[in-house]
Amino acid sequence: MPRSSRKRRRAEFRRRTLPGAPPGVLIPDPDAPRPAIQLMAFGPDAYEERPLDDVQTVRAALARWPVTWVNVDGVGDTTTVAEIGRMFGFHRLAMEDAVHVHQRAKVDQYPGYYFIVARMPPREMGGDTEQISIFLGDKYVVTFQERSGGDCLDPVRLRIRTGISPVRRAGPDYLAYAILDTIVDHFFPLIEESSDRLEALESDVFPTPRRDVMARIHSIKRTLLTIRRAVWPLRDAMNTLLREQSPLITNETRVYLRDCHDHTIQIIDLVETCRDMASGLHDVYLSTLGHRTNEIMRVLTVFSAMFIPLTFIVGLYGMNFDPATSPWNMPELRWYWGYPLAMLLMAAVAATLLVYFRRKGWLTSQAAPPEEK
Amino acid sequence: MPRSSRKRRRAEFRRRTLPGAPPGVLIPDPDAPRPAIQLMAFGPDAYEERPLDDVQTVRAALARWPVTWVNVDGVGDTTTVAEIGRMFGFHRLAMEDAVHVHQRAKVDQYPGYYFIVARMPPREMGGDTEQISIFLGDKYVVTFQERSGGDCLDPVRLRIRTGISPVRRAGPDYLAYAILDTIVDHFFPLIEESSDRLEALESDVFPTPRRDVMARIHSIKRTLLTIRRAVWPLRDAMNTLLREQSPLITNETRVYLRDCHDHTIQIIDLVETCRDMASGLHDVYLSTLGHRTNEIMRVLTVFSAMFIPLTFIVGLYGMNFDPATSPWNMPELRWYWGYPLAMLLMAAVAATLLVYFRRKGWLTSQAAPPEEK
Amino acid sequence: MPRSSRKRRRAEFRRRTLPGAPPGVLIPDPDAPRPAIQLMAFGPDAYEERPLDDVQTVRAALARWPVTWVNVDGVGDTTTVAEIGRMFGFHRLAMEDAVHVHQRAKVDQYPGYYFIVARMPPREMGGDTEQISIFLGDKYVVTFQERSGGDCLDPVRLRIRTGISPVRRAGPDYLAYAILDTIVDHFFPLIEESSDRLEALESDVFPTPRRDVMARIHSIKRTLLTIRRAVWPLRDAMNTLLREQSPLITNETRVYLRDCHDHTIQIIDLVETCRDMASGLHDVYLSTLGHRTNEIMRVLTVFSAMFIPLTFIVGLYGMNFDPATSPWNMPELRWYWGYPLAMLLMAAVAATLLVYFRRKGWLTSQAAPPEEK
Amino acid sequence: MPRSSRKRRRAEFRRRTLPGAPPGVLIPDPDAPRPAIQLMAFGPDAYEERPLDDVQTVRAALARWPVTWVNVDGVGDTTTVAEIGRMFGFHRLAMEDAVHVHQRAKVDQYPGYYFIVARMPPREMGGDTEQISIFLGDKYVVTFQERSGGDCLDPVRLRIRTGISPVRRAGPDYLAYAILDTIVDHFFPLIEESSDRLEALESDVFPTPRRDVMARIHSIKRTLLTIRRAVWPLRDAMNTLLREQSPLITNETRVYLRDCHDHTIQIIDLVETCRDMASGLHDVYLSTLGHRTNEIMRVLTVFSAMFIPLTFIVGLYGMNFDPATSPWNMPELRWYWGYPLAMLLMAAVAATLLVYFRRKGWLTSQAAPPEEK
Amino acid sequence: MPRSSRKRRRAEFRRRTLPGAPPGVLIPDPDAPRPAIQLMAFGPDAYEERPLDDVQTVRAALARWPVTWVNVDGVGDTTTVAEIGRMFGFHRLAMEDAVHVHQRAKVDQYPGYYFIVARMPPREMGGDTEQISIFLGDKYVVTFQERSGGDCLDPVRLRIRTGISPVRRAGPDYLAYAILDTIVDHFFPLIEESSDRLEALESDVFPTPRRDVMARIHSIKRTLLTIRRAVWPLRDAMNTLLREQSPLITNETRVYLRDCHDHTIQIIDLVETCRDMASGLHDVYLSTLGHRTNEIMRVLTVFSAMFIPLTFIVGLYGMNFDPATSPWNMPELRWYWGYPLAMLLMAAVAATLLVYFRRKGWLTSQAAPPEEK
């Protein structure tokens, strides 16, 4: 795992505030860069897009445009973040969750707005998910992203700019849906890559199992778990949005949300399939390893057991008992046919053992038969 | 796995549209062949069947016949598909799901029609399931099949043509049931083949385990998982159809749907039984492998340990200490009974070891006793 | 597994009708023997019992007796079966399920009668369950059994004949209960035998594990699974009967059904206990096998490692360097104490190794200590 | 396992009546000892306690005292048991369950009384649970215990006698609670002992794993399963008592029952903890065994591989090629530095191998480092 | 595990009262130290804080301040504890649970107050959780802590003293929330440390697996289980507080409790992630061990099998058959090219074996390829 990724993963287990701090406290971090805030406001016919320096100009946009989208990139600078929260009147617990970027996906209903937390897919295999907090009001969508430096929402922006899709004609609920849908869609390439890697691993398992196979299966499984942990609660959150009667979400958007909800189920399904592939690979790997050990043992045993009695016999006739001192002292050493008889004896022993091993089935390796299908 | 199957499986993990594309967009693929569209319309007394070139002729059939079935084979040519969708007034999200052929089975209720997704069984072991999307209205059934080139619905067509079964006298709801029931029925032969293959594998496991047994168990398990993944959500979808009160489905058809629902449960049950057989086989296989290793080790150890001390003794008397220089230098080499005594010593050592190994129970292999039943 | 049992098991995975056949079609099999039909009708004071040749005589019994029980043994001859179904007016889907003998236990409510499917226990270990379909009306019970040639319902018949138990005074609902209860009771001896066999296996595992232990554990597990698969859905079916308000079942019978429902739960519980015993045995078996391998390795290693250096030494002094050509060429061969010194050297090496192995704890086998309890 | 325990366990899988016997039949066993029946009746101010010979005297107690507790020890003599059942008017199904002592814990509500089944903990580790059937009426508690010869209810009797606890002032519902609570409390020492034994086993696992460790873990697991199987349904039964509105149970007693219900949850929790400990031990055991095998192999390999080439070399110079017949026949045997050079050669080979093995890390055993914590 | 921790853990399985003791009895332990009782009372503008010697002074505080918090440190001295319980009128069952410090987290509603049990995190890895019992009334919070000597609630006290957080302006429900939230927050560092240790273990697994890895994984898993067992029921308890309508908890506090409830879910989630990491590590460890055994075997086999035939050959020519007595007795010993030919023969044998092993792939170790990512 790259060091940077490990560092980010560690962040997941670490809370920024000390345990016991009062709730809703946003502790400012003086080293954090000022977040990049971008405002995108639009109606059916036009749109406005600009970086936001002065928080107060949001009010003007809210008054002028049907839908205003304020996107905050990076929540390290809590001072600015808190300022935005105050302007919109968000509950401080919601703001705390937006800043403490280790939340599970969820939907909390507050008076006048929804607070939705989702996790965006990592940008590459093995990375971490990134938290996005979405505040959905009757005229605005405010999003806080965990890390600055690009996100997966550019397709949404493009659709707003071009005005082709219905996003320009619909309300903020549709915009929130579009954001969620884009996030959910970006999980698919990750699953696809996991599946590709698992298939590539299959060839590393079968003829001779490579040493790091398990570590790589394990790493893919971890990615799959990351996806699952991000999407599973998102599915529940979607369900909450679907079920609850709220004027903030129109019935038309609800149909779209149902579709997005289906996609989350589909992701979980594909993740399960991949995990089944991974554990099947695991089994095949262990079995191949076991067969290899077995094969090595078989060869060692046949070799050793064949030659050990023969070596004993040659050792026997290497003894230095003096035939001169006694007729019992290895008289065969002086027989006319002594040596050939010894050779014959050894050949007989070897043949007996060969027959024994053949009957045990140890002379042939259990080669895989030609694939029948 | 055959290459073609792998390719198709990869398709399952790949979405046709880019992440973030607006929902309901059907991106035309210029290389896709024009789908084969077939119209089948019937009433109690007569039926009409013909390939459909002009989409507009559907209206005539709808006006004339009680039930019209439009079947679209292959959804690659999204232009034609979209045209059909527009004519019937299907929601674009439903159309998107019909074209993006990686959906789980589900039932969505839209005003005036049901949108049912099911997955047809692969045509042979190891293949992929194929999506079929069924639109059920008050006078029509429209089906979109993922791949052209034959399907498993010919029995339904035959029943329409012959007019023996009640399908001609019933409404489109019964036709949709007949399609679903035929699909569900076609899963049974696959399970049967899986069960047969598992039984055939048993003989490859027991006397001497073959190397590729695990890979083949794994492959059967994958087929079973494919079936399970296709049927499990179908069961839930059936349940939705059964529970919801809708004028589109008569109570008589509901009884038939309950029967079909029972069949899905039965399939899941049989799949579980097969999976239990597979994992039992897995255990027996591992145990047989372990016993084989044990047996090899036993023989090796008995052989080595028997001969190693003997070889030491013969080596001892092969030493070249000069008996002439000292009375202590191996005087036994010149004894009258030297050689026979050495032989006796070795026989004693061997006998001691034999007794030791017999007491350990290492001299006899753990042969399977005669089957008691 | 005996061949006949395997054949029957295969039947479980095979459907008699081709996939896609219209529902409710009973395909006649000309080779099937005509089923044995038996009529048993009774009231509080008398009973009538006779084989049934003419289906029409059932009407007379229905008119005359409070409760009529028609039992059909073997459903291969679908013509006769269909005739009976038509006479009572059973729904053709129910009749199809009665003939396609691979159903899960279930309760379907039709107007005027219940359709209950249960599975009777196999007659011996390793056999298959047999389907029994029970139609419960207000004056009759009709049962269809999968296979002819004896069943487990003789105790019920005896109770009808003797008139001791309340079955004669009660309605058909009590008769249906008595049948179900008898079926459920017959599962207990199977579990008992499984438990006995598992205990008998324990002695085959511990001192030296026998090769076929896993295959036999696996076979017992399969029997347990067969029981579980038969009883689990039966429990749910019972529950349905208990919950639904229907005039066909009196409250008094409901109390008895609750008792029978408890028995199904108890069976599932005992099956789980047996499965826990089996998997415990599996673990002990694997561990014993591992220990045996370990023990064999230990002896091999001690033997080899003890004698290998000694054999090297004796080989050393077996070299033929000519002491005559150089004072450096093995002068020890001519020393006065050469041979004794060599023996001492070997004894020292052996002693050192013995100490090393003793410290490793490899000289004593890990014998099981005296049972403390 | 002691033979007596095995016999009792077998009883669990064996039903006293034959399958198919009519329900509610209590088959008398002429060899069974007459059960010891004890009557305990009390009011706030006084109590009466005596063995019960004549069943009829119960009526007098019922008339005189607010609460009467009839305790039947041993249900083998079904004649007496049935007599008591008839006197109180208990349903024959309930009586059957009281006599067939293999029931799961449950609560059945009959008109006028509750029928509660619970299982008392075994008196020592490895034993079986004992069934107690409690009939709770408005003025009485009747308990049937499976086996005579002492129970765990003496603390309850003591509290009745001393009159300190509220049991004397409360109704029969509190008495039933007190019995259940005492039973539940007696499971705790068993769990405690299981936990102690598991901890004691830890020292048998780590340095060198003992052979019978798995069998002992397995035996503890079985005890834990026995507890779990007894308490799990008891929890559900308690819940039923808590939820159902019945005049037989006062609200005050309900508070106590909730507490007892909490204890059952706690027991299940502790059992799970113990099982986690056991399976952790299992893993550590397997790993230790694997490491031991690995260690043995390592030593064997280093020894063998070190000496095998050296033994080859010394064997080489032990060959008897005659240097006299050819200058090519082992002239080194007559070199001046022949022997020292051979020794050097062997030392070089040994050193090379040592370096190779050191680089492989096979020279040092993987000793556990000093505990860091 | 340190001895002190083991002792404390044993306490978890041990109940202080004997089984069968009447409920609600607090048995005094004369050796227990008098608990340290601290009173903290506050209103929006001021606060009072002092150790409590006389229980009666609580009444004064209750009368004077809006919120009074009585904290009892250590519940060994049951006399004092019972006195406090009586003064507030707590139910004796609740008091019993407060003293028997082995409860699961739960919420019990009594008339006029809530009884909340939670478990505080251990102070270091491997320790035990500590029970805290919270009584929440309309004007007071009373907490009983299992052990004296410091707790994790100092941040709450600080917030009361400084008056910055809303705790001073809110009621006792908010104080109870603050306590629970602080407890929940203190579980995070433990999870973080578990995660750190697991990552540190990774380097002990891969190149060469250390012997105690499993024991350490096991120990971390136990800590994770401890956390899970403490937090899982707490989540349910929180849920109960959230759902129940009670005047004791304001809607504003309910929002905060929802946040705290989210944190418990998050903890369970992180624990699951850590457990997945642990079992992944376990798999990698087993696989590394298996590969190591395989590697050792490979080297042993190659070495042995290479030299065993060579040693046989050299032994052959070490035999002492007398060439003088027969032309068949090893004439090659006297050939001119005898020795070189023997050497060539051995080289040929070695080369053949080398080729054989190379084809088997046994000459190269399965080194991990350069990381591709």
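Each chain carries a letter (A, B, C, D and E) given by its place in the written order, and its residues are counted from 1.
Simple rule for what comes next: a residue touches a chain if its C-beta (ideal position, glycine included) is under 8 Å from a C-beta of that chain, and two chains touch if they have at least 3 such contacts.
Nothing here was measured: the structure is a model prediction, and the numbers come from that model.
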Shortest path length from chain B to chain D (each step joins two touching chains): 2
Interface composition of copies chain D and chain E: same or different, split at half: different
Chain centre separation in whole Å, for chain B relative to chain A (CA means): 24
Chain centre separation in whole Å, for chain D relative to chain A (CA means): 40
Shared interface positions of chain B, touching two or more other chains: 293, 297, 300, 304, 308, 311, 315, 318-320, 330
Category of the chain touch graph - line, ring, star, complete, other: ring
Complex interface listing, chain E residues touching chain A: 152-156, 159, 164-167, 178, 181-182, 185-186, 188-189, 191-192, 195-196, 199, 206, 255-256, 258-259, 262, 265-266, 269-270, 273, 276-277, 280, 283-284, 287-288, 290-291, 293-294, 297-298, 300-301, 304-305, 308-309, 311-312, 315-316, 318-322, 325-326, 328-330, 360-362, 366-369, 373
Residue ranges of chain E in contact with chain D within the complex: 6, 10, 12-15, 18-23, 25, 91, 93, 96-97, 102-104, 106, 108, 125-126, 207-215, 218, 221-222, 225, 229, 282, 285-286, 289, 292-293, 295-297, 299-300, 303-304, 307-308, 310-311, 314-315, 317-320, 323, 330, 333-340, 342
